[in-house]
Amino acid sequence: MIKAGIIGSTGYAGAELVRLLLQHPEAEIVWYGSRSYVDQNYADIYHNMFRLVDAKCMDEDMERLSKEADVIFTATPQGFCASMVNDTILNSSKIIDLSADFRLKKIDVYERWYKLEHKAPQYLKEAVYGLCEINRDRIRGARIVANPGCYTTTSILTLYPLVKEGLIDDSSIIIDAKSGTSGAGRGAKIPNLFCEVNESIKPYGVATHRHTPEIEEQLSYAAGLDYMDGESILINFTPHLVPMNRGILATCYANLRDGVTADDITAAYRKYYAEETFIRLLGNGNFPETRWVEGSNFVDIGFTVDPRTKRVIAAGALDNLVKGAAGQAVQNMNLLFGLPEDTGLKLVPVFP
Amino acid sequence: MIKAGIIGSTGYAGAELVRLLLQHPEAEIVWYGSRSYVDQNYADIYHNMFRLVDAKCMDEDMERLSKEADVIFTATPQGFCASMVNDTILNSSKIIDLSADFRLKKIDVYERWYKLEHKAPQYLKEAVYGLCEINRDRIRGARIVANPGCYTTTSILTLYPLVKEGLIDDSSIIIDAKSGTSGAGRGAKIPNLFCEVNESIKPYGVATHRHTPEIEEQLSYAAGLDYMDGESILINFTPHLVPMNRGILATCYANLRDGVTADDITAAYRKYYAEETFIRLLGNGNFPETRWVEGSNFVDIGFTVDPRTKRVIAAGALDNLVKGAAGQAVQNMNLLFGLPEDTGLKLVPVFP
Amino acid sequence: MIKAGIIGSTGYAGAELVRLLLQHPEAEIVWYGSRSYVDQNYADIYHNMFRLVDAKCMDEDMERLSKEADVIFTATPQGFCASMVNDTILNSSKIIDLSADFRLKKIDVYERWYKLEHKAPQYLKEAVYGLCEINRDRIRGARIVANPGCYTTTSILTLYPLVKEGLIDDSSIIIDAKSGTSGAGRGAKIPNLFCEVNESIKPYGVATHRHTPEIEEQLSYAAGLDYMDGESILINFTPHLVPMNRGILATCYANLRDGVTADDITAAYRKYYAEETFIRLLGNGNFPETRWVEGSNFVDIGFTVDPRTKRVIAAGALDNLVKGAAGQAVQNMNLLFGLPEDTGLKLVPVFP
Amino acid sequence: MIKAGIIGSTGYAGAELVRLLLQHPEAEIVWYGSRSYVDQNYADIYHNMFRLVDAKCMDEDMERLSKEADVIFTATPQGFCASMVNDTILNSSKIIDLSADFRLKKIDVYERWYKLEHKAPQYLKEAVYGLCEINRDRIRGARIVANPGCYTTTSILTLYPLVKEGLIDDSSIIIDAKSGTSGAGRGAKIPNLFCEVNESIKPYGVATHRHTPEIEEQLSYAAGLDYMDGESILINFTPHLVPMNRGILATCYANLRDGVTADDITAAYRKYYAEETFIRLLGNGNFPETRWVEGSNFVDIGFTVDPRTKRVIAAGALDNLVKGAAGQAVQNMNLLFGLPEDTGLKLVPVFP
């Protein structure tokens, strides 16, 4: 059994990790870390876990935890993991970091978009970006996996084959994304109150959202650009808050390169994803809806070509807490420990 | 492997059966019956099943189905199962009927509340009321299991120990219940449109809802009354429609018999449910919330005693599609086939 | 023009007062009080008021405000109004208090249920309980109007004619109430986050909710009891939180006195409410739904008699922010200033 | 008093017209037309109108209606108005058509996008596109006003100043729009059931939605193109269904022409909208949210410039049933009858 510790287990992503690991046949949770609820019963914070979890919340002592756990999940605010990680920890335990600390390879980009000093730049190079479908082989040997953001997973997986195969004008990419409210976390803030979110939709972080450079970096690699040397795709990314608990939809627009057809698009998606367990290709003319993936680790992707404007409109949908966070983290754990990738993740979407 | 057939697989309860049976280690679905969608791909009706179910919808030929299946689930409108069942079928296959056809033992009560002639009264006596926690032993040997209604499961389980132990005045029972909208089914009706349900709560079927006699009959048995001979507890039962997908909450009121204390209530709940896998007793002063059971087979029960009015207020919560329908049906299947009762039902509640 | 000041104008009830007073032909707002947002633009807190309100938030200096305003609305936490009110203020301005400070006539009841010392018991006797349909005449001459609670307005108006006419057993009253989330206020608390409220229903404050004694006191007066001398109706009142913004539904149960018929109930409702502008009687067998009153000052009331249990089930529905708070406060203001009661309140319910 | 008749008064847009006209000081409704509910009490279909509307639903006899009404609103499916309108009607009554029949000036475009033969092409030329802020002067003298679509009102008003002033590359426009579910109408269809819409977001009609040519035509006029002669802006328009009752948000993307700055954008918006009653300019860096306009006739518009990609992202929000349908229709009526444009439309947004 893999011994897993979670720091930040009382946030929504952390709680979803608990749900998934409880159903994982090869893992057990040995540490329910929580800054806010130390010494309280975990099931008193999340009553759905009553009779399923009989443990108290622990502190965030990552070094001590590394002695007890084979893998540490950090579902914590930006900056935490970078400020804690060291070789002692890494010699005892793998780290799967659900924050952004090790997602961006360029320190200046991190510091500019996150307004934070990076405390562990020495690990940036070895950390592997944990988008399993793209980086599978490198993840297996990693010590630190940077688990991708929810918006970024949706956006990158939707656009990757198109960029990789050179089917679209990389300078024309626009991503209009929509997320359920669990993505905003469990912090007690007025904008996240029921009455503020319900019966409304709003854009936020327009042209400034921090998932932007993460998408740009990964798509730049796909395009074969020398990102570290300053080459980069630039995109527009606009997230919106939707009055629902779970789900992300990314509607992506791009100009087609001359002569590219819908069949080319279909072929590109098939080339990269036909064998993927967690990516469901809906095909030309079909579009995903978040209700069909809720509770599962699936990403549904569909598209259409508009012959009038010569653009492709492609969209991806996933559950932001599963494939967008905890599910992908477990998928990464499976890779790290040599398990079949879908172990503990054969989740049938819950509808309605 | 148990071969299972579902008639009515494209309603919400039927679709939930599909979800649960797909995750059941000892069962496989051999028949996706659907009156409305014969010959269509099941996954075209429920896109969440894309790549998980590769089957077309079948008709409702129960006799043919009985030759292919070990167990038939009928998630159909009232009257269907009674009009179809016969000895040929029952000699080949078990039936778990999710409709009301075999729940009420008295034909006149059935016909009065359901405004339907009963087409198979000859099986009424042998059919077993499938409330597993109460009727476990009799279910094991049954040919026909009458799977309880969603409201009734919640209400009966909440009140059973209090009635059985004689702690309350049986003539004082009032059940005020609230249900998510999936309980109304997938029929295309104006009152179930999003804009009609959203941002509203309403009572319906007040003093006339058909789950009333089902609750009365079962509680009468618990009270030791000779129900078949005309003795019966009478209750008030008022359902309400709540703008959410899943979940039932039954808030129950009753006058305490003289001298009954909160400790007596606690003891009664423990006596009957302490060992139950799917009943979680929250204890005195705690109340259930539907969010904590969503997606799982749990029933959460809590209560308080009001010393001012000498009443007990007890409440139960469950997921109407799981413990209130498909989950309980699978639990019954497990009993029928000698499997551990929680096989395929170790579902961790999904939150948020 | 009536000059109106609002203390607590940035809570939901206060904001609804702003909405209503802006549309009131005989009133203008001269003071937008707010503890949390002093000196900030009101329209920066409530963007719906952009270009409609050009004022900054003021402090809570009630004495100064009383010099500028003809009427002061206190939409503030319990204890505030009682701690501030004095004769100087009352000589300059009327007070309509939306908190509970002057609703309960017995200090010990207030202090027991609210766990607060009452700071102005000297005004308790003269303050008038502002349930317009019942206390209209006394309200006109009041200096302090105690604006009723949202649950209590619904509950009392639904039950008043039945108690007043002696049609029900007063010891048998059970009120099962359901409220939208705006009733919980705009405080940043985890239980009120979107993801916590959405897709769930829960009871709360069972047997302890503070609107209980308020309902009991008013119904006791209706029953002709000597409440101040210790006589009282005792009820059970159970509120539930519903995932919607606005709306309260109170489902009320009571045993009928011998021989009482549905026609008697109808006659009682007609006797007291037939001429009421804001009470809509739906009649025997019809039940209210909160969607039909949203945004308006209406209370919809319906009922049925269950001949099996000899109980009446009656239900009332209103918009908790309008008739349950701000609308009723404006109705009280109209009474205080000799205006037609529906001035500024001819609001057509908004649906969907 | 203006005598108004409504054909299609039992759809959501028709019902909103009823709500607005009931509160309009210079209009009265003389005809509640409804194909589905002839001879039924209007208030039995829309219970919110109980005691406010005492009328039965009438048929769709437009000629008879034209004799009784000064203005006829047709809130009907596409094709109805065109099939009915004639000179007899137009000599008696003005028509404000909420369908698409007279919005598109080119018959072939109408027939291609709507898959309908146009039955009254002879009126296409004289019908005026009723976007009040743009076409005010021409509307005043019209006999037929083509009331704009909900998505189109939002999209055109957001983009009009930018196109008109030549600030953006017209070939680069992408509109990603999101709508509440009332926009889908009150038809009883499975995709509009509560459980299908709730907890999900989906794109639909991608690259094929019928509001596309309407936006293109109007923006082409703004750009000074000879639209009737075949010149046209081409856009991408993608609508999404959001789990909320009301509200439309259009997030618009376009490449800036060389040298265009945020100040230029601000100046353009001010130039066209600074004096507009119903357009609220939020300014650079601010974005609208549908909750702030609900129930009102406001359009809120904000934008930002992304210096990295040299694009402007502008967004507009409105209530699809008010400014997107019934409110704009009333605004048009006011123009037709020489009333101040905001008569009956001084609606304060309802929040929460």
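In order of appearance the chains are A, B, C and D, and numbering begins at 1 in each one.
Rule of thumb we're sticking to: contacts are C-beta pairs under 8 Å (C-beta built on N, C-alpha and C of every residue); 3 or more make two chains touch, one makes a residue touch a chain.
Remember, predicted model here, so these are calculated numbers, not experimental data.
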Far-end chain from subunit B, centres as C-alpha averages: D
Result of counting contacting C-beta pairs for A-C and A-D, higher pair: A-D
Rounded Å distance, subunit C centre to subunit D centre (Cα mean): 38
Inter-chain centre distance, subunit A versus subunit D - centres from mean C-alpha coordinates, in Å: 38
Centre-to-centre distance between subunit C and subunit A (centres being mean Cα positions), rounded to whole Å: 46
Multi-chain contact residues (two or more partners), subunit A: 12, 182, 195-196, 198-199, 243-246, 289, 291, 294, 352
Residues of subunit B touching subunit A in the complex: 12, 15, 19, 22-23, 46-52, 182, 199, 245-246, 280, 282, 289, 291-296, 300, 346, 348-352
Subunit D partner contacts - residues on subunit A that touch it in the complex: 174, 176, 178, 180, 195-196, 198-204, 206-207, 234-236, 238, 240, 242-247, 249, 251, 253, 287-291, 294, 304-306, 308-309, 311, 313, 315, 352
Residue ranges of subunit B touching subunit D (in the complex, touch as defined): 12, 181-182, 186, 188-190, 192-199, 243-245
